[in-house]
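In what comes next, subunit A is part of two complexes: it sits with subunit B in the first one and with subunit C in the second one.
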Partner chain A sequence: MQWLTVFNKELLESWRNFKWIWVPLVFILLAITDPLTTYYLPQILEATGGLPEGATFEMPEPPPSEVFMMSVSQLNLIGVLIIVLITMGTISGERKSGVAELILVKPIAYHSYVTAKWAAYALLIWISTFTALLASWYYVNLLFGEVSAGSFLRTFFFYGLWMTLILSISIFMNTLSKTAGLVLFFTITLVIALNLLSSVFAHVVKWSPSLISSHLRNTLISGELSSALWGSAGTAVLFIILLLASAAYTLKHKEIS
Partner chain B sequence: MLMMQNAMQLLQENLAIIAPLIVIQIILMIAALISLIRTEETNGPKWVWALVIVIFNTLGPIAYFIFGRRFDA
Partner chain C sequence: MITVQNLSKVYQNNRAVDDISFTLSSGKCIALLGPNGAGKTTALRMMAGLISPTSGKVELLEEHSGDIRRHIGYLPQHPHFHSWMTGREFLIYAGKLAYLSKKEAASRADQLLTRVGIFEVRNRRISKYSGGMKQRLGIAQALIHKPELLMLDEPVSALDPIGRRDVLDLMEELKKETTILYSTHILNDAEESSDEILLMHEGKIVESGSLSSLKDRHQVDKISLQFEDSPEAYSQKLDHLDVVTRTEIKKETLDVYVTDQARAREIILNLALKEHWPLLQFEVGRITLEDLFMKVVQSYAVADRIQ
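Presenting the complex of A and B:
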């Protein structure tokens, strides 16, 4: 199985690069920072002073689901950046250094080269997202109150789809440019544009994949899966398939040199 | 005396909550240092990276993992 060979090679490389250690850890840190700082906010304010003697300041206790969503939005900012940073050189770097030529000279189809790389990173990202949300979920339950296991799993699943879409965009950009910096720039620009457009047209287009996290917030509060969330998830899957297909296509029809 | 006890108790209770945070940061730092020792070439001098990893917690190791090594290596 040539697909498995590329997949295993990619996993081994990520392991040797310590990606399997640091990416989950950083995701966990990102996810638990917000619940912790929110919990300690009264103490932090007290310690740093600024409140006059005898002043009482009632801190409104945020609902548990809101704190859980804070972790998600933290991952949405820096987690997305990290995904793009770790994947920006995966194909472009190999094309630049000639490794891609060495690999593709062997009987390996372009699409299996692309999808095997994509799958290896997707596995890393799904596991990192899972551990991060699990840690956040644990802290929220410990410090604020109950968020149901069902909500946690739903958030993980739909949010993982959005992260996978980011990965797919990055893989696609990898086949367009050989410079890692440009891959980073194009991917981030596209993600920001997608976010902007879908928040501007949120009332018209409800199925944009970048609305997944805002749909998730509503789902956490109401407790039921909306059709808009399923729609966004469907669009995300569609985009992922399209991006991977076009990545294989551009890689094939562009001269590798 | 009572206040001291209260403060100690507060610290101990909070330690259980904060400890995982500290442990993760330490693991990150150690992983980055091991990786730094193993790689032959880095972007820029090695000892600078060692300082960055040790001094800036969390951000230092991340910066090293992302920018420290060469892409074509």
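Presenting the complex of A and C:
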């Protein structure tokens, strides 16, 4: 009941400040850029002056799954930044401005407050990711060749999980700092550190959540779900639960403003 | 209905609230007085559960149980709202967070909007509200779930005289329904609308009780004099008298603090007659809240200096 109240309020807020419009749009834009530019590269080169006389340029046609993965990596770069940007003030901002003082003296459980906010943003992110990957999948099928519906859905699901983990890190950082800029900094630093560590120790730790996209690439090529992918997904879920629990705990035991 | 036991809050080395204890009984209007920085806000916020005390506890008595936040309404000193919401939306949101159904919350919101006098602007975004409207909305949101205890942090200090009057009248009305604890440093307000006061200074409660009992206890009798000319010359003469403890000049008025009111009155009047003082006013009065406030604060300030 109270959970739904906060959840609805978050959805309404995101709607009123147009997040429900621009976030999906930007995601779609990010996702379709690579398939389109890759396909039209010869024409683009032609239009911008072409190649020097005598030079021949043979473009290897990339496999469809490879192009689809390009969209995912594009989202991985800028999409992650957008997620942190839209969520960096969700709790910290309310604490800083003092709204949290009014909200948290009402008899609402701290975990409801945290998870309802999280869920509202998760919904936005899942829907944005879905439409983005759907658009990319459409163009890849149109321009390069078939990627199966199963592969598309699998990519969406596992990649959504990784995005949700980013969201959870941001929510947790929100309870640590009242300054939105610091939330951004800590979250991005943690994500980069996670990426670095797991690529350095990739041969040892196969289940790091940041390996999800590289596991996905293998899955797309081989067409089979590897145990490493499931492992990474499992760790991601575990991390998400831990982060949310710690966020609720921190908020409860910290000075609210 | 609510008991505060040995509540303390320490920030680094600063004891913002230092071991305070008191009990609030139902149906009273209690003013939490003190100069700026006395720890009033910190105390209120601990009671509201917004910050956790370093030691001590806040307890509800018998009939009220469970989450303390269900039974209290709180208005911070500078309330902030989701400015993208309308006033009515915010009240309904607050009501639903306090376990009202959607329908109850809506009807209660309309009722309160009328009561605090912002019904006409209920569908306007809060970002367009004036300071006074926000303060009223703040009071309305604190009342949305009919709390047994209403805590207001400096409810009138940011308002213009008209807004101040309205809020004080509203508090007068609310007294009948709920216990009110409010902090203020405006002594007139406290004198006018509270039954009891708690006087805080440097984190401690230095005085508490009903206004009249406090006045009785601190009955330093006082005689105020006004003259046609400046009062300095007379204050020196009066200082030598054995019934006079001290004199104080406030602009045109000379306040003479005495030990025995009846005898002092006779002596001073006799002196005035004999020396033909150009008296304008001769007033025998008891200590006001302001005097008490200054006295307590100053006596502590002196004690600090001696240490």
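As a working rule, the second predicted complex is superposed on the first by the 254 of 257 C-alpha atoms of A that agree within 3 Å, B and C clash if a C-alpha of one lies under 4 Å from a C-alpha of the other, contacts with A are read in each partner's own complex, and residues count from 1 in each chain.
The working rule: a contact is a pair of C-beta atoms (placed from the backbone, for glycine too) under 8 Å apart; a residue touches a chain by one contact, two chains touch by 3 or more.
Computed from a predicted model, the values in this text were never measured in an experiment.
Enquirer: Examine A:Trp22 and indicate which partner it touches, taking first as subunit B and second as subunit C; both and neither are also allowed.
Expert: So A:Trp22 only meets subunit B here.
Enquirer: Report for A:Lys9: first if it touches subunit B alone, second if subunit C alone, otherwise both or neither.
Expert: Second partner only, subunit C.
Enquirer: Which partner does A:Leu85 contact after superposing on A: first (subunit B), second (subunit C), both, neither?
Expert: First partner only.
Enquirer: Going by the contact rule set out at the top, does A:Leu123 touch subunit B (first), subunit C (second), both, or neither?
Expert: neither
Enquirer: So in the superposed three-chain picture, is A:His253 touching just subunit B, just subunit C, both, or none of them (first/second/both/neither)?
Expert: In the superposed model, A:His253 contacts subunit C only, not subunit B.
Enquirer: Looking at A:Ile32 after the superposition, I want to know if it touches subunit B, subunit C, both of them or none. Which is it: first, second, both, neither?
Expert: first
Enquirer: Looking at A:Leu134, would you say it contacts subunit B, subunit C, both, or neither? Reply first, second, both or neither.
Expert: It touches nothing on subunit B or subunit C.
Enquirer: Between subunit B (first) and subunit C (second), which does A:Ser97 come into contact with in this model arrangement: first, second, both, or neither?
Expert: After superposition on chain A, A:Ser97 lies in contact with both partners, subunit B and subunit C.
Enquirer: For subunit A, which residues belong to both interfaces, subunit B and subunit C?
Expert: Overlap of subunit B and subunit C footprints on subunit A: residues 17, 97.
Enquirer: For a test of understanding, state which residues of subunit A touch subunit B in their complex under the given definition.
Expert: 17-19, 21-22, 25-26, 28-29, 32, 36, 39-40, 82, 85-86, 89, 93, 96-97, 135, 139, 142-143, 180
Enquirer: With touch defined as at the start, can you tell me which subunit B residues reach subunit A in the complex?
Expert: 14, 17-18, 20-21, 24-25, 27-28, 31-32, 34-35, 58, 61-62, 65-66, 69, 71-72
Enquirer: Within their complex, state which residues of subunit C touch subunit A.
Expert: Contacts found on subunit C: 48-52, 67, 69-70, 72-74, 76, 78-82, 84, 93-94, 96-99, 138, 141, 145.
Enquirer: Under the definition above, what is the set of subunit A residues touching subunit C in their complex?
Expert: Against subunit C, the touching part of subunit A is residues 1-2, 5-6, 9, 13, 16-17, 97-99, 101-108, 253, 255-257.
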